[in-house]
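I'd like to ask you about the structure that follows.
Chain IDs A, B, C, D, E, F, G and H follow the sequence of writing; residue 1 opens each chain.
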Amino acid sequence: MSQGKPLVGLVMGSDSDWPVMQAAAEALDEFGIDFEADVVSAHRMPLEMIDYGRKAAERGLRVLIAGAGGAAHLPGMLASVTELPVIGVPVPLKTLDGMDSLLSIVQMPAGVPVATVSIGGARNAGLLAARILASADDQLASRLRQSLREFAQNLNRQASAKGA
Amino acid sequence: MSQGKPLVGLVMGSDSDWPVMQAAAEALDEFGIDFEADVVSAHRMPLEMIDYGRKAAERGLRVLIAGAGGAAHLPGMLASVTELPVIGVPVPLKTLDGMDSLLSIVQMPAGVPVATVSIGGARNAGLLAARILASADDQLASRLRQSLREFAQNLNRQASAKGA
Amino acid sequence: MSQGKPLVGLVMGSDSDWPVMQAAAEALDEFGIDFEADVVSAHRMPLEMIDYGRKAAERGLRVLIAGAGGAAHLPGMLASVTELPVIGVPVPLKTLDGMDSLLSIVQMPAGVPVATVSIGGARNAGLLAARILASADDQLASRLRQSLREFAQNLNRQASAKGA
Amino acid sequence: MSQGKPLVGLVMGSDSDWPVMQAAAEALDEFGIDFEADVVSAHRMPLEMIDYGRKAAERGLRVLIAGAGGAAHLPGMLASVTELPVIGVPVPLKTLDGMDSLLSIVQMPAGVPVATVSIGGARNAGLLAARILASADDQLASRLRQSLREFAQNLNRQASAKGA
Amino acid sequence: MSQGKPLVGLVMGSDSDWPVMQAAAEALDEFGIDFEADVVSAHRMPLEMIDYGRKAAERGLRVLIAGAGGAAHLPGMLASVTELPVIGVPVPLKTLDGMDSLLSIVQMPAGVPVATVSIGGARNAGLLAARILASADDQLASRLRQSLREFAQNLNRQASAKGA
Amino acid sequence: MSQGKPLVGLVMGSDSDWPVMQAAAEALDEFGIDFEADVVSAHRMPLEMIDYGRKAAERGLRVLIAGAGGAAHLPGMLASVTELPVIGVPVPLKTLDGMDSLLSIVQMPAGVPVATVSIGGARNAGLLAARILASADDQLASRLRQSLREFAQNLNRQASAKGA
Amino acid sequence: MSQGKPLVGLVMGSDSDWPVMQAAAEALDEFGIDFEADVVSAHRMPLEMIDYGRKAAERGLRVLIAGAGGAAHLPGMLASVTELPVIGVPVPLKTLDGMDSLLSIVQMPAGVPVATVSIGGARNAGLLAARILASADDQLASRLRQSLREFAQNLNRQASAKGA
Amino acid sequence: MSQGKPLVGLVMGSDSDWPVMQAAAEALDEFGIDFEADVVSAHRMPLEMIDYGRKAAERGLRVLIAGAGGAAHLPGMLASVTELPVIGVPVPLKTLDGMDSLLSIVQMPAGVPVATVSIGGARNAGLLAARILASADDQLASRLRQSLREFAQNLNRQASAKGA
């Protein structure tokens, strides 16, 4: 799904999470942010998951987005082996409407933060990655800041049009 | 805390979990089951945690008990790197009464089970370990089965005495 | 559903629980573990239920798996009359998404543990039974340990393949 | 606690439930209803508990009140072995504010009802027993109906006095 | 819906509650208990509701069953104007799965009990009414006690048949 | 507590609600709004409660504020017998943190609204009454609108001072 | 949707809220209350939203109704910039059944009240606006009070008819 | 609280949030990140709040941290008027254990993300800000990445020491 050197690693616990998580990919695409997307399961591929997190920064990734459901350990475990900001997306499963996923992701102990977005809120995960990259002091950031301002104006225009 | 070759590995995410988790140690002691107790944090010692889990079986451990609070990833992550039965104890923290811990431990995806006990139920974790060891077909099991039967009779006698 | 002398007793409160509980049977089958499956209702067959639990160990069963929904008393009541490890599966009913079943099963008082798995997590109940049998010091255990390791490798391979 | 032939059996899972449950006893005393109070634990005295329930009616009891906390199985199990009306009192424990007790008591399957009162609502359990006995067509009922009417007038007077 | 002089008043807040509440009517019919069924809304017919409750006993009713959803005030308000036992049935509406109904019914203040059954548990409300009538010391009670015993045996037979 | 002809009726289910509800009285006092305060229990004084609601408008009251806890029926029942706006204050009791009170007040059926404020939010109930009176087209309203604007400026000044 | 000078401003965070919110419009229409309806998003049109709230009173609006879902900030933010009474309608989204919307609207801090109605309870929001307008001391109020009394009688008649 | 040109704006809805929020300030101090701390209330200072958010980026801030309780609108409203990443800290108030704060902050609609941390998790908010600043491609980022690695090693050492 990525063309250039990816800046964002978009991972999920299972390919069944993709229908939720693809909204993050689309948001990254809209902002022209190169990313990679993978299934990296905390529970079925624990060593690869640890490895993925440990090497993320040196491979040039600057933000991780991790989606998972139920006892959602992927975002928090990645956050424990990388110094990159990790964005967690609670994926709702068949029962509990994602409340289990949300609490498993957001209630991290002091020392290891996960930037949690809403239940099923993968689009916002992509946008948050864009905001993070845009907050830097470099050329990409300048471009992204401009794009984010235009994005907000578009949101506004569309909402206003509906309200007219 | 252990004398002989430990059969149960009792681990917790933080030494602040000990006031809750020591009830597991006491139960194991009552049944004369050798165990070891350690702080093994999923989030602050992820590599050691993985290593602990991977070597648990070959080191002779036969059951793991893991207590953790909040986004409690320790029991599930251990379960993903060992074939031993892992018992999870949800530790209640300052808010939410342990509901976050419970859901983070019990809602594991298909493939990687955690045997979850009640919120703060470390004593039952110890007793469950005893039941598991007692279900085997060996000498220790015979002794433990007998002890468990006596234990149940004692529970019964004490409860009955109160009801008299 | 079983051929040899059953080692696992798989019971449920109602035959309407079977669509959920059969995943436990399938997991046991995959590991070649002999089991028996029965409807044993705590509320509609209380005496038979007590009797089932009391005789489980002497009949050669080594693990019980009990699924129930709502005010799910079956796992806990069985645990009170046997020294075998009892695995509880919260079955979700029409309302509350299984939260009532989960709390009714997991929140057992000190003295009588139930090894609780996720809401609707019958497959993990079967796998947990396999882990428990595999933790013993006998020939079946050796075989099961090997199977569990292969099982984990398969999980890993499948997850990795999706991530490729 | 009772003088005459008891009409109400007041039982609880543990003597630690007494500080909550004694309000039921006091209510019964206020109405002059003979009762017996016992610890009858579903989990630590399962056979005695079953026995208690089975013989309750023939011993002359006409209503059972059962209090329990956590995975509160006592009211429902008693209801499964007696045809008497069983009143359940959810006792709040250290965590979850009694929500686990409430759901474990009230969410009974079709066929086996438990008349559940509020969390910690033992006084109302006593009053409900009085209402049940008062709904009969006998002399005790006549007296109780009169007492209940006076009780309601007193409630009213006290509330009105505060409002003056 | 009733033939003889009704002993049970079955009321609900809205006729949209009937699909849930008719299971109570069916249970009463199975036991040959005469009843009347009405829509009596606490919020849309407050004066009639009060009046219904106040006259229930003198009209010969011996038990009230009241179903309501959301902010379910009907059972509690009836209980405040009658000395009869009132059984409350929480009806689940479009959101919250009946948790609002349950809490609005069960959490009554000391002095005014409501015998609450499970969410949507109208059948059990009917059975509880039968148990209450059967606990009296009269001829109807004798017949009902016998019927309840047979009912329990049937439940048992059916459950056992499934387990065979 | 009132001097002139009261415009707001401030009622509560029990005088134990006063520590929470007095903040409403204080807010009304700050705005110079005449009010009366009473205990009017839906469950212990049902007829007086109905009567209070029915006569509220003709007695000159223009807004009702009703606080109650647990199965909090007072605000909704008052709303069913008056055409005045009724403001409901969920009072937290010993368990459940007021969640039962909130749901019992806010989840009213279509046709009978209650203007619900936050759990324990009696001060806001008083302020909402002021806003309602201020939205009218009369002299009191003009004065109150001015007072509300000053109140908002004060909130702002105090908050800003803390932020300086 | 309005003909005369609007007295009620009916706003919502998104036009996807309209299927829920139109019931408020219908209620206002039934009472002949002029209103305006707009999409005013707190998050996508923050400045316009603030502006809408600040000018609402001077434009002649006397009540605001605001519906929003999820982290529903619209009602509370409007309440912070107007002295008008603001009625909040929690709109249920795909997960959590509107519990997030409810808490985000009702749990306002002291100083800034929102009159919250039930989840999805837009019809009651319209009726509450009518009650508020009817509580004033002017001609519209007289007419509305009369209409509200007739409305209550109709509710009663319809409910009674069903109960007949 | 800041010396150099602040990079992080740390704001809270009320100075009563400071006991929770100061842990964010301490974390920023540990990493030598200049920040400013202010009370900026969404509800009592709405215009200043909007203004704060709109000017944050041009004033040189690169990350905002916002803490709020109850109907916690501050983080989401700031996120709607800035393109900076906004970190939200749910502050627990007297009731509901911060669940209302969490849902009000995390459940943001698509388009306006808030990076939410755990209930009361202000320390993690500070650490997340450090991670975000460290993910940039500049000198500060290099230094911070190094500091974050040392921080993780310290966490590890301390945890390991406890486990020794």
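By our rule, a contact is a pair of C-beta atoms (placed from the backbone, for glycine too) under 8 Å apart; a residue touches a chain by one contact, two chains touch by 3 or more.
It should be emphasised that the depicted structure is a prediction, and the values quoted were computed from it without experimental measurement.
Asker: What's the minimum number of touch steps needed to get from chain C to chain F?
Answerer: Steps on the shortest route: 2.
Asker: So which chains count as neighbours of both chain A and chain F?
Answerer: The shared contacts of chain A and chain F, listed by label, come to G, H.
Asker: Once the contact rule is applied, which chains count as partners of both chain E and chain F?
Answerer: Common contact partners of chain E and chain F, which must touch each of the two, are D, G.
Asker: Would you say F-H or C-D is joined by more C-beta pairs in contact?
Answerer: Pair with more contacting C-beta pairs, C-D versus F-H: C-D.
Asker: Just how far, in Å, is the C-alpha centre of chain G from the one of chain C?
Answerer: So the centroids are 51 Å from each other.
Asker: Indicate the whole-number Å distance between the mean C-alpha point of chain A and the mean C-alpha point of chain H.
Answerer: Computed from C-alpha means, the inter-chain centre distance equals 18 Å.
Asker: Between chain A and chain G, tell me the centre distance in angstrom, where each centre is the average of that chain's C-alpha atoms.
Answerer: 36
Asker: Mark out which residues of chain D touch at least two other chains, giving numbers and ranges.
Answerer: Residue numbers touching two or more other chains: 14, 44, 70-71, 80, 96-97, 99, 106-108, 111-112, 114, 118-119, 152, 155.
Asker: Write out all the pairs of touching chains, ordered by chain label.
Answerer: Here the touching chain pairs work out to A-B, A-C, A-G, A-H, B-C, B-D, B-H, C-D, C-E, D-E, D-F, E-F, E-G, F-G, F-H, G-H.
Asker: Under the touch definition given earlier, write down the residues of chain E that touch chain F in their complex.
Answerer: Within the complex, chain E touches chain F at residues 13-14, 42-44, 46-47, 50, 69-73, 76-77, 79-81, 96, 99-100, 103-109, 111-112, 114.
Asker: Once bound in the complex, which stretches of chain D touch chain F?
Answerer: Residues in contact with chain F: 92, 97-99, 118-120, 152, 155-156, 158-160, 162-163.
Asker: Residue numbers of chain F touching chain D in their complex, please.
Answerer: Touch residues, chain F against chain D: 14-15, 38-41, 44-45, 48, 70-71, 94-97.
Asker: Using the touch definition from the top, list the residues of chain H that touch chain A in their complex.
Answerer: Interface residues on chain H, with respect to chain A: 23, 57, 62-63, 80, 83-87, 102, 106-119, 121, 123-125, 127-128, 131-138, 140-141, 145, 148-149, 151-152, 155.
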